[in-house]
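Below you'll find a set of structures to go through.
Consider the two complexes below, in which chain A is the common component and chain B and chain C are the respective partners.
Moving on to the complex of A and B:
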């Protein structure tokens, strides 16, 4: 069953690779000029580009050549940076990965307990504050939140740096706190709402009534309900995780972080096609893997799904 | 350890839900609370463990073995009481256990809550094994998830979990209603045996008089929050003094089965053949659900199909209705064979009425819109809605109501009216009365019998309870493990069952005690 899902993911990525390859032809303007970038358009340079991208071959051959490169890690040369794309991405990836992980961690660590408390004491003060925060987090644009945080915690109360990615280690972590909090607010808002709704439903259920009737402590009862609510929460969390990928562009721009988001932005502005293609494919692959992991998580969380899978295979 | 309840009353947002009620339950004795939905019996039960819904409060006094229950108290006051003094067993073993935790853990939690300390691994296993043994389950059930057990086994686990903290009072709220008839007596007898062993006081809540008979000592009959009758169970059932009690007894299919009353003529009417099912086969994966099933239904005949969950009776109904594709065999209507699936069928051939009228009607549509839609599909004029309502015994004003404003019985009548819109040759009722109160159930059964007599419609009536089927069916098919194990006229099957399994169903229909009368002093 999992094998079928993996095959499905590979199929989706294959189709996407064709779309991504087609981007080269869909981009406005002359293809050769786009690929040349700001290099002088001498006949030699044009010939070199035509040779490099095999523009004289048929489209199918071009695609297969390109795909072969992608599969072997040769993503081409960045037009803007004049370095291999794999290096351009490789340099920026750790920062973006750290930012996303930190944002996700903060969001989950705050939002899940807050959602649980909101549901257990529905209508209480914590529920109201949590609800208000969630509306704020959902409606405030990432860059606006980022700017407000910058003013507050980097300018008026300068406890965090204003821009940049730091020098690695703890310094980088310090640089990532504000952007991560910015992203976490939007993420957490959704997770709070999801957790609260899922918990409310579970708390209404018979097994919670039965657990309370047997004298189980509120702590045990809540844990029991949360364990059952975990399935919708994990689904929701995996969805917002994919949303995070787009969010990093805004956060990295606001905080001037040298991550994949800013790389994508610059590359799009510069029409740096090989980088845009590679990043698009990379993001698609990440999203597909997250969805796959969510499916595997169901297997771990729900014995009934395990049985169905067992029966189907 | 006597349980004393005095002047217990429950007030809700809409006023007094349970009028002051007093009762005493001796150790080892069972008090039955009988009533239909809305009678306040479940609120009474929940008030005794402090689990009333938001907005409801209890007043009065109750004590168990000298310990006063904090009826008006908060969570913290109740925590010391729940489990250790009083415990509540719920109706549906499919939902009362957490689906993602192993049964053994769920039993162990109760023990840990009562002792206030976590158990060591080995100690915990031993305790759980002992608790499972008490409810006659093997030790390996501890490792199972609830979905891996049958309904009866699940309810045994729930009983073990409810009793693991050794309470003195167990409140059992319809503990067998969600189970197959054949499991009901088993669970009730188990409960009785455990109760005698532990000298446990039990309050048994039920709408089913068959459950109460022979298994309870005292009975309170409740209606709209009032106790209308009380006394020794045997004498109340034998000679009810309140007309409501009398009506309940009369409506009860088990009582009818015991006395022999029926809603159908003794001799079925001979009619032309409407549906013929021949050698039907169906498998889900490697699991064979239908194995060479054949049956006939004639005009003006109600064919009862009896079996427990997993017997294949619902799959059979769904194959006939085209909702499921059969693997082999033929289904023919009026002599014309139908290909599997919906595409080969027209609405005027057959219609199906499901079990749950709460979910089978679109809550956003009015009754009139629901019926008008069904009439339009059948090519009939929307002006016939009133006539349709009249057929099922509902007044014309119901056109503007929405399903949420109707009672369960009224909703099921609307569902039947919708099914009748295309003037079907065959009506399939899949557990259509199982979710209803007995008196409502009796009304719906009378309605179906009337439709058969007036419209000459053929009916496939599916139920797990032979007591209900025998009230109304002309002939009966008994299904077991996907096969027909017995068939014949309703009367013969009940009085002279030939198959072992049918004998079991007959005993269950009469709610006969499988164990001898125990616990009487």
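Moving on to the complex of A and C:
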């Protein structure tokens, strides 16, 4: 079953790699000019580009050559930065990873308890506040939230730096607080909704009624319910992930953080195709792998499925 | 697509029905006051979109390159933007571009959803297979990322963005309609209609469709909110609305440069986007509850 999923993911990535490769041909304008960027179009430079991308070969050969490069870590040369794409991505990856992780931690730490509370005391004041926050978090664009926080906590009350990524360590962490909170609001809204829905469903089921009737304390009952509710919450992770990808771009742009999001935005605006291609593939691969992990986690979380797996293998 | 752009995308990105489930299954009594307020907000916003250019015909061309004034300046209650244009006038004039796109996106993806979803759900077979794989593929894409890359690489612009968002938003509509149609198809009244040898099209669009309307309308309303957010996010990143057009998202982008001189230049359009998106969300939920109570319980 897992093998089938892995094959499916590889299939999707393969199709996507062809689409991404085709980008080069679908982009308006002359192919060679696009690839040259702002380098002078001397005959030697043109010849070098034709050589590098094997433009004289057939399209299939070009694709295979490009795919081979991608698989061996040779993603080509960034037109804008004049460095290998893999270095450009490698330089900026840690910041984006730190930002996403921090935002995710904040969101989970706040949203899961809030979602559980909202479900346990459905209709109570906390539920209503949680519901209002969730609607706000889903409706407010990430950058609008970011700009408000920026104005309030970096300019009006200057606790945090206005922009930039800091110089590493604790300083970077200080720079990441506001962007992470910005992202966490949107993430948290989704997680609150997922958690509340899942918890409500569990709390209605017979085993909860039974546990209550047996006189188990509400704490224990809630823990039982949350354990079962964890399955739909984790499988909802793909939703969280798609939000996170877009949100990171916006949050990084708002706070001028030198991460993958700003790299993508700059490259798109500059039409730096090799970087855009590589980033698109990279993000797709990360999403696919995390979605796969979520599915595996689902197998581990549900004892029934686990037992079936054990019986089958 | 919760979506947000997903929200959006993402938030903005399209969401599976599971997220919206409980509010419909277990109608929380939404205070009518809140809904009335939301309707009022939407009314004013769409009024501004329709008649804004009559009230302030020269919002875009006034006093270009005059000074940048803070809020509360005489004659400019919200101050002026980076080109010396009145922020209040710009905000009213920007409503049309900011709302027209999202409404078209919501209607367009609704149309896609109704046609493809009904065909897939009722006809089954290869149409269903093709449509389902297509929605699977699109749902796996982060809306904002796809929109940035496509409009960035192939050249953006307003209408390109509209078409792009219709394509990226349609999977949620298709899925919802398909699920509704599947559920309805198994019911006795459909069997009765088939017994009367009504044509397939008549069964699909005259008998089944009215019973999934509540799902469709609710989702369209929520899509307006998500599309508004997605649109402004794209403008913020510089690939949505082109410069020189009065638009809330554009205003936000341009206003960032003078955020500390006149915060209203940024926060007025931001506030408008958030308020309208929240109002659309509330009204969408409310319509969903009303319709599902009146009609058959489709969910």
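Going forward, the second predicted complex is superposed on the first by the 305 of 313 C-alpha atoms of A that agree within 3 Å, B and C clash if a C-alpha of one lies under 4 Å from a C-alpha of the other, contacts with A are read in each partner's own complex, and residues count from 1 in each chain.
In this text, contacts are C-beta pairs under 8 Å (C-beta built on N, C-alpha and C of every residue); 3 or more make two chains touch, one makes a residue touch a chain.
Nothing here was measured: the structure is a model prediction, and the numbers come from that model.
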| item | value |
| --- | --- |
| Joint occupancy of chain A by chain B and chain C, clash or fit | clash |
| First (chain B), second (chain C), both or neither touched by A:26 | second |
| More chain A residues in contact [chain B versus chain C] | C |
| Touched partner set for A:271, first chain B, second chain C, both or neither | second |
| Partner chain in contact with A:163 - chain B first, chain C second, else both or neither | neither |
| Contacts of A:206 with chain B and chain C, given as first, second, both or neither | first |
| For the chain A and chain C complex, residues of the former touching the latter | 12, 23, 26-28, 122-123, 131, 135-136, 138-144, 147-148, 151, 155, 186, 189-190, 193-194, 196-197, 200-201, 232, 236, 238-239, 241-243, 245-247, 249-250, 253, 264-265, 268-269, 271, 273, 276, 280, 283, 287-288, 291 |
| Partner chain B, residues of chain A touching it in the complex | 205-207, 209-218, 220, 224, 227-228, 301-304, 307, 311-312 |
| Chain C to chain A touching residues, read off their complex | 1-13, 15-16, 18-19, 21-22, 26, 28, 137, 140-145, 148-149, 152-155, 225, 229, 232-233, 236-239, 252, 256, 259-260, 263, 266-267, 270, 273-274, 277-278, 280-282 |
| Chain B - residues contacting chain A, complex | 49, 51, 75, 79-84, 87-90, 92, 95-101, 109-110, 113-114, 145, 147-148, 158, 161-162, 164-165, 285 |
